[in-house]
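Both of the next two complexes hold chain A, though its partner changes from chain B to chain C.
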Partner chain A sequence: MESQLKSVGKRVPKVDAREKVTGRAIYIHDLKLPGMLYGKILYSKYPHARILNIDTSKAEKLPGVRAVITGFNTPEIRIGFMKDQPVLKKDKVRQYRDEVAAVAAIDPDIAEEALDLIKVDYEPLPGLFDPEEAVKEDAILIHEYDAKGKPLKNNILKLPWRLIAGDVEQAKKESDFIVEDSFRVTWVTHCCMGTSGCIALFDLDNNLTIYSITQIPFLAQNDFNAALKAMGLKGKNTRVINTVIGGGFGSKLDTHVYEYIAILLAYRTRKPVKILFTREEEFFAQPPRQPAIIKISQGCKKDGNLTFREVDMLLDNGAYTSWGATTPSVMMVPISSLYKVPNIKYTARSVYTNNIYAQAMRGYGNPQATFAVESSMDILAEAAGIDPMEFRLINVNLPGEITPQNFKVTTCGLKECIESVGEGLNWKDAKKNKKKKRGVGMSSLIHVGGGARVYKSDGHGMIMKVDDFGKISVITGAVEIGQGSETVISQVAAEVLGVFPEDIQIIKGDTSICPWDVGTHASRQAFVSCNAAIMVANKIKKEILDIAGKYFNVDPENLDIKNRVIYLKDEPENSEKQMPLDKLLRRAHFSKHGTMIMAETFYDPPNEMLNQEFKGNLSCTYAYGTTGVEVEVDTETGHVEIKKYFAAHDVGRALNPMLLEGQIYGAAVMGTGYALTEQLILKQGKVMNDNFLDYKILTAKDKIPIVPILVETIDELGPLGAKGIGEPACVPTAPAIANAIHDAIGVRIKDLPITPEKILKALKEKEKKG
Partner chain B sequence: MKKFDYLKPTSLDEVFSLMEKFGSNAKLIAGGTDVMVLLKRKRIFPDVLISLRSVPNMAYIKDEKDKIRIGSMTTHRELETSTVIKEKLTALYDAVINLGSVQIRNVATIGGNIANAAPSADTACPLLVLDASCLLISSKGEREVELKDFFIAPGETVMKQDEILKEFIIPKPSKLSGSAYWKLSRRKAMDLPILGVAISLAMNEDKSIKKARIGLGVAAPTPIRAFKAEEFLTGKFLTDEVLAEAGNIASKEASPRDSIRGEAWYRREMIRVLTKRVATISFKRANIV
Partner chain C sequence: MKKVISFKLNGEDVEAEVEPHWSLLHLLRETFELTGAKEGCGKGECGACTVIVDGKAINSCLFPVMEVEGCEVTTIEGLATLNGNLHPIQESFVANGAVQCGFCTPGMIMSAKALLDENKNPSEDDIRTAIAGNLCRCTGYVQIIEAIKKASERREP
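Up next is the complex of A and B:
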């Protein structure tokens, strides 16, 4: 097969790249509908306050204003994982970004002016900004009632995360070395180039169409239909149409308050209403990555074999629930299954505070948990007197293993990943002939690589149809958020059908046209949609060859398609038994009682939902990888420079090495930002750095010498062997850098980001201790 | 964003008459890279913007016998690509090559950087240590103000309502002298300094210091000179001890504060570290054999 692959494995440029770089792609920012109004949102002035009164009379009178809505003059829509958030707040505000009113006007400036005319009277309440204060029994309550109206006693969410495997207490007794540490990770945000926005409109039958940038169109349809029901429009339907999306990274995995506000405004005005975030809103009104305080303890035997891992976490949930509250479900993956650890105990609590609430962000909890696990791995290795790379190899995951969380490891290239990164860094030499202020460090990762059953279905629907010219339309539920699934779907479909990737056209982004897909998340899209593409392309191919078989009067089994031509396998050179694909298709179409060739499929990967104990084979294969860096630390300024960066990933098969490397480059920069420079700074619940000057993502000038290493393990269930790669590469970066810094200067920074200030403080502490 | 008029006068006289007409309701705009940010963030509310872009003869670098004159409308990109700046005003060169990004440098001007009077203005420290003066003109005439006397507070300068900044006058550095600027920032582009340190040294033949200038950015409400440290250095040889002490003195002269961009203690500490480093670079550039 290998040598015969024509499209798969090739460095095919992203099919949407040229449209984007030439400015032709139509983003939500570009879209304008006739009669469209512009919506703007009024946010809270306090992090915690009672709303006494909202006076909108002046705003309503401003010329050009078409509607002013509040929680008092609209039906209540409750959203979020625990339905604890009303779209428009009317009793209390619980965070600065709480939406208290909204305006639709004929232009954005008027809408903005109208916001200034809305008068809200508040009675400020004391705020809770420290999760460790918020968990206390006597803490003031942020939510007095749950979604069902039942009184709440404390701020702790009723989401008890608890995973137990083996016997941790016994294992502690049997350990020769035990380490215990506490780590902290803070808010970082997605920084999508395209800010958030949507256009909502109703038809005369009160069905909703929403132009959207969601990465989960079908779940969004479900959410919006629930909102229609709350608005008294039971039985009405939503059509979600995607525009080109300017970046996702998890930020579009939930439906958001602004979308519901656009829906309410559109319903009120009977006009299309567009809401488009400013960059500042994107920073303060778009939920970031989940922060956490992580206590971790691990033990091992003298020979280095891990005995147990115990982790307890406190998550600052913020004021309402979105997916951030559920990130422990993925934090469990590395905690239970990165390296062989027989005994596991993991507990996590989420607590309401008056801070911003969090959501999914690339890795879904995994970067947070891996920072703690992999920092602790180095600390334990040092305690046991074992080289950190050696220590990892002693405990490395191997094919065939069943992990304490009941993950069934099929293919696993972790060993190769660790070894190739070690080679790249010249690990042994770097350790033996250690240079001053220079250090090496590594960290590995495990992530779901074959979908993740976090919803009733992890499925993907796809339709294919072939036209009279041999061109193929692929109608897919997949959402392209920059990862390149359209390109690899084209490659895989072309491979199966014996045509070229440019013969494939991807039709997508419309819930009324495309079949169902659970969404672009969990690094699953290439895995599920390419598997679907193979299934449906094989159906199409069979239909074509059946017709060709009749025509040539041969067994269709003996026919195949190559370079758009149908030929006889035994006599590939026999031009008598050849026919261009398009010609055959026309013949089929225009014959008596003609035929159109089309097919559909629904692929749902063979994975399991976690059970009550949070165990089960969540994914049908797992992705592994290792990142290793060499750093140099300026011990006077605290500045860290990354001298070398190797990222080895078990990708199953590189369907398109160029796109894969792109995922790794981007993730490495994102991971390095998480490690060193990025953080949303909150003061008493307020985001202080809502701009790119003060929120420091790295730039092209902060060159990181990233070297991707692709390890191919050819997974049996993967499409032509491939596994997911969308999230993995940003997971191990921060601990790898923290470990390298420790190697360089002997101080360990346990909270992110690792700023120069923290490094200097730690160096001073160390000096003091002597 | 508030609505405003945008006026584009084509002569200085026209600029002055517009300034008179609109008074404090007008705001001058050069490259606009500070003004537009302030407007969008609702920090200023002018009725009119008066652009200096169409006024002729405002952008130049004149290499005269003992002076270098830089027109206020000269962009950072023009400075960056000028051999005069690169060879003779090395501290300024250090500043402009790392200011914002190429896109910003293509429009942002040196006059705007100084007139905006941010404590973080990257060209301020280099101009301070190069003994630059500002030529201010109005319909009534012109006056020269030394840059060290120019800044009053963040965003505030000695410029009067009817004055504009015409040019910077910089004495040509003497033969045995060198200057450098260090911008300490979190990333390598699109960033303001957490701290900026510029130093120029004029040396005697015996390698003792004839004249020292130290400029500190983000170390006080305005860019400042560290006069005491300068005085301390005068006549001394650049030993590790002397450098360390100069750093200590400069650090004491500063009054940095805590902000989301950096903590005061860190800035103070970095003044010590960078004074040493920047002085060493300046000394090397003085090329004494």
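Up next is the complex of A and C:
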């Protein structure tokens, strides 16, 4: 098969690249509709306060203002995973970014000016900013009632996470070495280069159209339809149309408050209303990745075999829930199943605070959990006197294994990943002939590789239709956020149909046209949409060959398509029995009982929902990988330089190595930011660094010599063997770097990011201790 | 108070009525409807709005519109020919996977063009310096740098 692949496995350029390099791609920023108004949002002045009164009279009188809305003059819409957030707040504000009013005006400046004219009276309340304070029984309540109006007793989310496998207490007794540590991770934010925005408009029948950048158009349709119902428009429908999206990384897995505000303003004014975030808003009003305090204990035998892993986590949820409140479900993946550990105990609590509310970000909790697990792996290896790489190999996951969370490991290239990274780093030599201030470290990862059943359906719908010219339209619910799903769909469809990727046109981004897809998340899009593409392309191919068989009077089994030509398999050179695909299609179409060729499919991978014990085969295959780095630490300045960076990934099959490497490079750099430079600084709930000067993502000046290593295990269920790659590469970076820093200078930093200040402080403490 | 300015935009002489407090980015996007240059921050921190003014790559979000008078401005829309022939840098971005979400791309390409116009044979460090002000969240810069390097090699006689 390998040598026969024509499109798959090639470095095919992204299908949307030409539009993007010429500046022709239309992002939400670029879209204007006739008569469009501009919406702006007024945010809270306090992190926690009672709203006494909102006076909008002056703002309403400002020329050019078309509507001013508050929670008092609009129907209540509740959103979020636990429906704990009203779109416009009227009783209390619970975080600085709480939306208290909004304006629609004929231009953005007038809207902005009108915001200044709105007067809100608050009665400030004491705030809770420390999750460890917020969990206490006597803590003040951030939410007095749940979504159903039932009184709440404390700030702990009613989402208890508890995974037990085996017997951790017994395993502790039987362990020769046990380590216990506490780690902290803080807020980081997606920093999509395209800020958030949408345009909402209603038709005469009160159906909603929303131009959106969501990663989950069909779940968004569901959410917005619920909002319409709350607005008294029961039975009305939403059409979600995606513009080109300026980056996702998990920031668009929820529907967001600003979108509902645009909807309310559009309904009030009967005009299209656009809301577009400024960069400051993107920093302070766009939910970041959750912070967590992670206690972890692990044990092993003298021979290095892991005996147990116990993790307890406290997550700062912030003021409201998003889907991100479910990230502990994915944190369980590495906690239960990274390396062979027979006994597992994992508990997690999420707590309301008056901080900015959080959501998922690339890895969906996995980077936080893996930071703790893989840092602890090194600490335990040291305690047991075993080389950290050796230690990982002793416990490596292998095909055929069933993990304590009941994951069925099918293909698994983790061993190869560890070994190839070790080779790249010259691990043994680096350890034996240790250079001063230099160190090596590694970390592995496991992630869902074939989607994940976090929603009732993990499915993907696809329609394919062939025209009279041999061109193929693929109508898909997949959302392209830059990763290249459209390109690999084209490659795979072309492969099956014996045509070229440029013959395929992707039709997407419209819930009224495209079949359902659960969303671009869980690194699933290539896996599910390419599987769907193979299924539906095979249907199309069968129809075409059946018609051709009749025409040539041969068994269709004996026919195939190559380079847009139908030919006889036995006699590929026989031009009598060949016909260009387009010619046959026209013949089929314009004959007496003419036919059009089209097909559809709905592919739902055989993934299981976790049961009440949080066990089950969440994904039908798992992605593995190992990152290894060599660092040099300047002990005068605390600066960390990454000298070598190897990222080995079990990708199943590289459908398009160029795009795949792009995912690895991008995620590796994002992961390095998580490790070393990025943090949203909050002071009493207020984001203090809402700009790129103070929130430091890496730039082209930060040289990281990333070497991707693609390990192909050809997964049976993957499309031509492929697994997911969107998130994995950012997961192991931070612990690999932390481990390397420890190797270099003997200090272990347990809270991210590992800033020069923390390194210098740790060095000083180490010196003091002698 | 509106003022009239005239300058050269993508090779054509143009005139525009502007408010003196506008930025060049505002003029390009709102008056000329050239939306290739993006606003990623509006404060000179991200480079998404980069265009070339008199041979220099600048952040058009900070560039006062009145200073454009008499200048030569090139935007991403001025690079490809109308019938779709891409500029070698654009070609190279496409061929080398330098584009993901694409929001940073027009700015990146303009910074790269200003560099290559001045330095036909830049080192990797020259390239890194030239695009240091262009943030990209998707690519980790690797394939962008490679694309610029390859474009420069291609343009060597």
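Keep this in mind: the second predicted complex is superposed on the first by the 770 of 770 C-alpha atoms of A that agree within 3 Å, B and C clash if a C-alpha of one lies under 4 Å from a C-alpha of the other, contacts with A are read in each partner's own complex, and residues count from 1 in each chain.
Here is the rule we use: a residue touches a chain if its C-beta (ideal position, glycine included) is under 8 Å from a C-beta of that chain, and two chains touch if they have at least 3 such contacts.
Please read all numbers here as calculations on a predicted model, not as lab measurements.
Contacts of A:483 after superposition: chain C is touched, whereas chain B is not reached.
Once the two complexes are laid over each other on the shared chain, residue contacts for A:636 go to chain B alone; chain C is not touched. In the overlay built on the shared chain, the residue A:699 is in contact with chain B and with chain C. When the two complexes are overlaid on their common chain A, residue A:551 makes contact with neither chain B nor chain C.
Applying the stated contact rule after C-alpha superposition, one finds that A:688 touches chain B and leaves chain C untouched.
Touch counts on chain A: comparing chain C and chain B, the chain ahead is C. Contacts of A:757 after superposition: chain B is touched, whereas chain C is not reached.
Look at A:516: by the touch rule set out above, it reaches neither chain B nor chain C.
Using the contact criterion defined above for the overlaid structures, shared-chain residue A:500 touches neither chain B nor chain C, since it reaches no partner.
Once both structures are placed on chain A, chain A residues 692-693, 698-701 are touched by chain B and, in the other complex, by chain C.
Taken in their complex, chain B has these residues touching chain A: 1, 3, 101, 184, 186-192, 260-263, 266, 269-270, 273-274. Against chain C, in their complex, chain A makes its touches with residues 11, 13-14, 16-27, 29-30, 190-195, 244-249, 278-279, 481-484, 658-659, 661-662, 665-670, 691-693, 697-701, 703-704, 706. Per the touch definition, chain A reaches chain B in the complex via residues 109, 636-637, 677, 681, 688-689, 692-694, 696, 698-702, 756-757, 760.
Residues of chain C that touch chain A in their complex: 29, 34-43, 45-46, 48, 75-77, 79-80, 84, 86, 90, 93-97, 99-106, 109, 127-129, 131-145.
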